[in-house]
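Take a look at the structures listed below.
Next come two complexes, and both contain chain A; in the first it sits with chain B, in the second with chain C.
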Partner chain A sequence: MLRFFIRRFAVAVLVALTVLTLAFLLTRVSGDLAISIAGPNATQQDVEAIREAYGLNRPLSTQYFDWLGRAVQGDFGESYFFRDRVANLIASRMPVTITLGLVGLAIALVVSLPLGIIAAVREGTWIDRVVALIAMIGQAMPSFWLGLVLMIVFGLQLAWLPISGADSWEGFVLPGIVLAFSAIPSLTRLTRSGMIEALASDYIRTARAKGLTRLSILVKHGFRNAAIPVVSIAAVQLGFMLGGSVVIETVFALHGVGFLAWESISKNDFPVVQAVVLVLAIIYIGLTLLADLLNAVLDPRLRTA
Partner chain B sequence: MSATVMPTTRGAKLLRNPAFVIGAFIVGACAIIAVIAPWIVPYDPFVIDLDRRLVPPSFMEGGDPRNFLGTDQLGRDYFSRLIYGTRISMVIGVLTVITSGLIGITMGVLGGFYGGKVDDFVVFCITTRLSIPAVLVALAVAALRGSSFLLVVLVLGFLLWDRFAVVARSTTMQIRNLDYVSAAWCAGASKWWVLTREVLPNIATHLAVVATLEMALAILLEAALSFLGLGVPPPLPSWGLMISEAKEYMFFSPWVIMIPGIALFVLVLGVNFLGDALRDMMGTDLSR
Partner chain C sequence: MTALLEVRDLRVTIGSTAAVRGTAITVNKGETHCLVGESGCGKSISALSVMGLLPRGSKRETTMLRFAGEEIGKYSERQMERLRGDRMAMIFQEPMTSLNPAYTVGSQMTEVLRRHRGTPRAQAVDRAAELLARVGITAPGLRLGQFPHQLSGGLRQRVMIAMALMCDPELLIADEPTTALDVTVQAQILRLLAGLQKDFGLGILLITHDLGVVARIADRVSVMYAGEVVESAPTASLFAAPEHPYTRGLLTCVPVPGKVKRDEPLGSIPGVVPRITPGFAGCGFRDRCSEAHAACSGTIPRQTVSDGHELLCTLAPGWGGKAAA
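Moving on, here comes the complex of A and B:
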């Protein structure tokens, strides 16, 4: 068990370091940073001045190790545009993104768990097929477009909810629904297949033979076992949702980390972009690590991996 | 050998599957529209007519029979732009699948085939790729390099290979020790022969399912990037860009975002239906 933890943790650290390097390369290899920052009307002197000011004229390896050394200590430098520490900026925007992610995940679970269980219990019937169709529709929905349509219907025509901003909890409802759509298909399918497997097992037959009620069999014996993979995928999905929040936060003007990244990209503020890519990647790595460890605790068969 | 019998029974089974029929119809129709677009559009999709801006579709109140789906904020014929948009989505989808497929299948097959250190490296690459927020990186690269059609294809191709690699790796592992592969070894086949003649054809159906999933994802991501202004550059009529440009008028005339949005949704749904039918045919569940 300990061996598994250590091995899994070492891989996570190695992945994080690789992403760190890639985040650095991303901004250096895909173009001349100084020219991008200076803008289209800059003169050669301006570009040189920016190179000097931001240390972009130093050898690439010096820049890399300097950046790496600071980044592992949580120091991502200063934003070119906001004139603030990047770490402060991200920390101040993180609560909105995490709230949005958790609201999205909660909505996704509330919808997909019952759907998956119903589909499994009624496997092969029209109910099962309708659930499969719902999952497929969710998968084909362009999230930014769904966001706009919900804004028109619930924000303007029914006037139930605000169409942008996060001044109150109501501001999170529409973006949360849109974000949930991206996770509902896979969570529903996983719940369904897990439940089908669980319901076909011997312990369910035993429970039936003991004369337990249908509900008790479904919830206590079936779902508990089907939930193990769902819990770990839910953690991974949360990571994906945080990463995908850039589109939804931009549509709804929610000032979270995704919106910050979007602002920084359009203003060529690359220290911030680099840092956001990194922070989101590390959160994802952490969540998948957590999911793996959780699985290993719940299911001893996986520990040998 | 049953090889000659299998395709016909499989084909007949597919034709009885409503998901396959609907999916094939949608994707086939879009492919044909994409090819013949210049000959079927009523107007040039790039010609601006500022006197006739935001004319509603002909079936709505205030519509003009000359413009079936109305005109956009610059007076360009919406139907013609929608038709040309099919081209962009289809080409992006297909080219992305080819690029990401080449990368992912090569990595996955090599990892699954050789195992050991090679496989460890492949798994590490997949894990690293999955931890990188794809949309954000695509946006950042597009902003740095200046967005273009080719750049969108390359960025999506280099970001969406993970599922190809995962599936190619696991299916290769399953078959590398099967009898027919061993038989090929015994017959003195080279590694290249075994990989291309024994392994690849036998994992092809699984990879076809992944190809549909990735095509759907690529089409959606291109639309999202174009919507954020960092995908296909204007005045190209990408559906995502059409939604983005029309967004300020959506509260007064919702049809401006409904039309390209529905087109996008229907095409992606069609691609997903095809994938689902293929998956049904194999009787296995590859979805994550």
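Moving on, here comes the complex of A and C:
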């Protein structure tokens, strides 16, 4: 178990380093940063001055190791546009993004677990097929489009919920639903297939032979085993949601990390872009690691192995 | 002797297969009744229908399904739930997969008692430990905290047996409980079942295809073929004077020390068990039977050979001189 953890952790650190390097390189190959910061009306002198000021005239490797050294200490430099420390910017935007991600995941679980279980219990019937259809529609729907439709229906026509901003909890409902839709298909399918497998197993027959109630058989004996892969995929899905919130936050004007990414990309604020990519990637890597650990905790066979 | 379980004219269809066709089984209190036959002859399905555990898509019909004097054939799923695990228990052929991998032995054992009797956890744990000791498991306290994957097959089957006994059932159905275990463990489990039966006054319905097992622990044997009980008799009389051609064939397939001669092939029954569809008439064994004749495709008479010895065959009892075995 400890060796398993150490190995997984080492892999996670390597992936994080790779992402770090990629984040640095991608901003450099997207054009001459000094020129894009200086803007279209700048003279050659202006560009040179900016190059000097930001240290862009140094060799690439020097820039890289300088940035890397600071980044591992949590220092991502200063934003060109916001005139603030990048670390501060991200920290102040993070709560909105995390709240949104958790709301999205909660909605996704509340919808997909019962759907998956019902589909498994009624395998092969019309109920099963309706659930499969719902999952397919969810898969096929672009999130920005769904966001706009929800805004029009619930925000404008029915006026039940705000269409933008995060001033109250209500502001998270519509974007949460949109985000949940991206995770519902896979979570539902996984729950369904896990439950079908579990319900066909010998230990379910034993549970029935023990005269346990239907609820206990389904939830305690069936779902407990089907849940193992679902939990780890849910953790990975949360990572997707946090990273994928760029589109949703922009559509709903929620000032989270995703919105920050969009702003800084359009302003060529490359220290912020680099840092956001890095932070989201590290969160994602962390959640994947967590998923592996949860798997081991939930499955006694892995725990004692 | 009082009948604990009486089944008459049990019919089960699964999809388009007539899995059980008019089976009759009686298990008396404190008696071991063995159900023998080849794979696919309907033994397990018969047992599962008694428990109300048939797979989805199967249909059960019966004229009598009486347990401890009560007709349970029309019981609702809820009523059956209350009976299962409490007054009738079942153990299975697959000890490796029959326990839930996610819960400890203790949690799975106490669950039965808590469900049916509402016993407090501490008392249920005591009872579980006591039964684990009774089925020959050393250090029961340690085992209760372990997960199934930490136990061997033999231990798991003992846990299954102990778990089945938690509520002191009157009937124990054991579906090939020793098939998946190695020979020494098989013997231990059989000795254990026999001992438990004496101590607890259990009625046991034991499904097996192993005639050696039958000879050792059965009071009564029913031989099943293609969904029907073709012969049923007290163990001694079945082994001494088997009547049905299938029973005789089955007995010649078993090597008996002292009786088998070197260089002489063991008996075998050619062919396989046919798949029987609804509407099939006559004897299911006739295509493999050396004695088959025209009457075998008509209605087969149920004959009484001697007291408690019944035969489903067109041949007269005692045909062909004394039995082959």
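One rule holds for everything that comes next: the second predicted complex is superposed on the first by the 299 of 305 C-alpha atoms of A that agree within 3 Å, B and C clash if a C-alpha of one lies under 4 Å from a C-alpha of the other, contacts with A are read in each partner's own complex, and residues count from 1 in each chain.
The definition used in the following text is that a residue touches a chain if its C-beta (ideal position, glycine included) is under 8 Å from a C-beta of that chain, and two chains touch if they have at least 3 such contacts.
Quick caveat: nothing in here was measured; it's all calculated off a predicted structure.
When the two complexes are overlaid on chain A, chain B and chain C sit side by side with no clash. In the superposition on chain A, A:184 contacts neither chain B nor chain C. Look at A:202: by the touch rule set out above, it reaches chain C but stays clear of chain B. Of the two partner chains placed by the overlay, only chain C lies in contact with A:211; chain B stays clear of it. In the superposition on chain A, A:273 makes contact with chain B only, while chain C stays out of contact range. Which of chain B and chain C touches more residues of chain A is settled by the count: it is B. In the superposed model, A:118 lies in contact with neither chain B nor chain C. By the touch criterion defined above, A:221 lies against chain C but remains apart from chain B after alignment on the C-alpha atoms of chain A. Superposition on chain A places chain B within reach of chain C only down to 22 Å, the least C-alpha distance between them. Against chain A, in their complex, chain B makes its touches with residues 124, 127-128, 130-137, 139-141, 143-145, 216, 220, 223-224, 227-230, 240, 243, 247, 250-251, 254, 257-258, 261, 264-265, 268-269, 272-273, 276, 285, 287-288. For chain A in complex with chain C, the touching residues are 201-203, 205-214, 216, 221, 224-225, 298-301, 304.
Against chain A, in their complex, chain C makes its touches with residues 51, 53, 77, 80-86, 89-90, 92, 94, 97-103, 111-112, 115-116, 147, 149-150, 160, 163. Per the touch definition, chain A reaches chain B in the complex via residues 11, 14-16, 18-19, 22, 26-27, 30-31, 33, 36, 132, 136-137, 139-145, 148-149, 151-152, 156, 186, 189-190, 193, 233, 239, 242-244, 246-247, 250, 258, 261-262, 265-266, 268, 270, 273, 276-277, 280-282, 284-285, 288.
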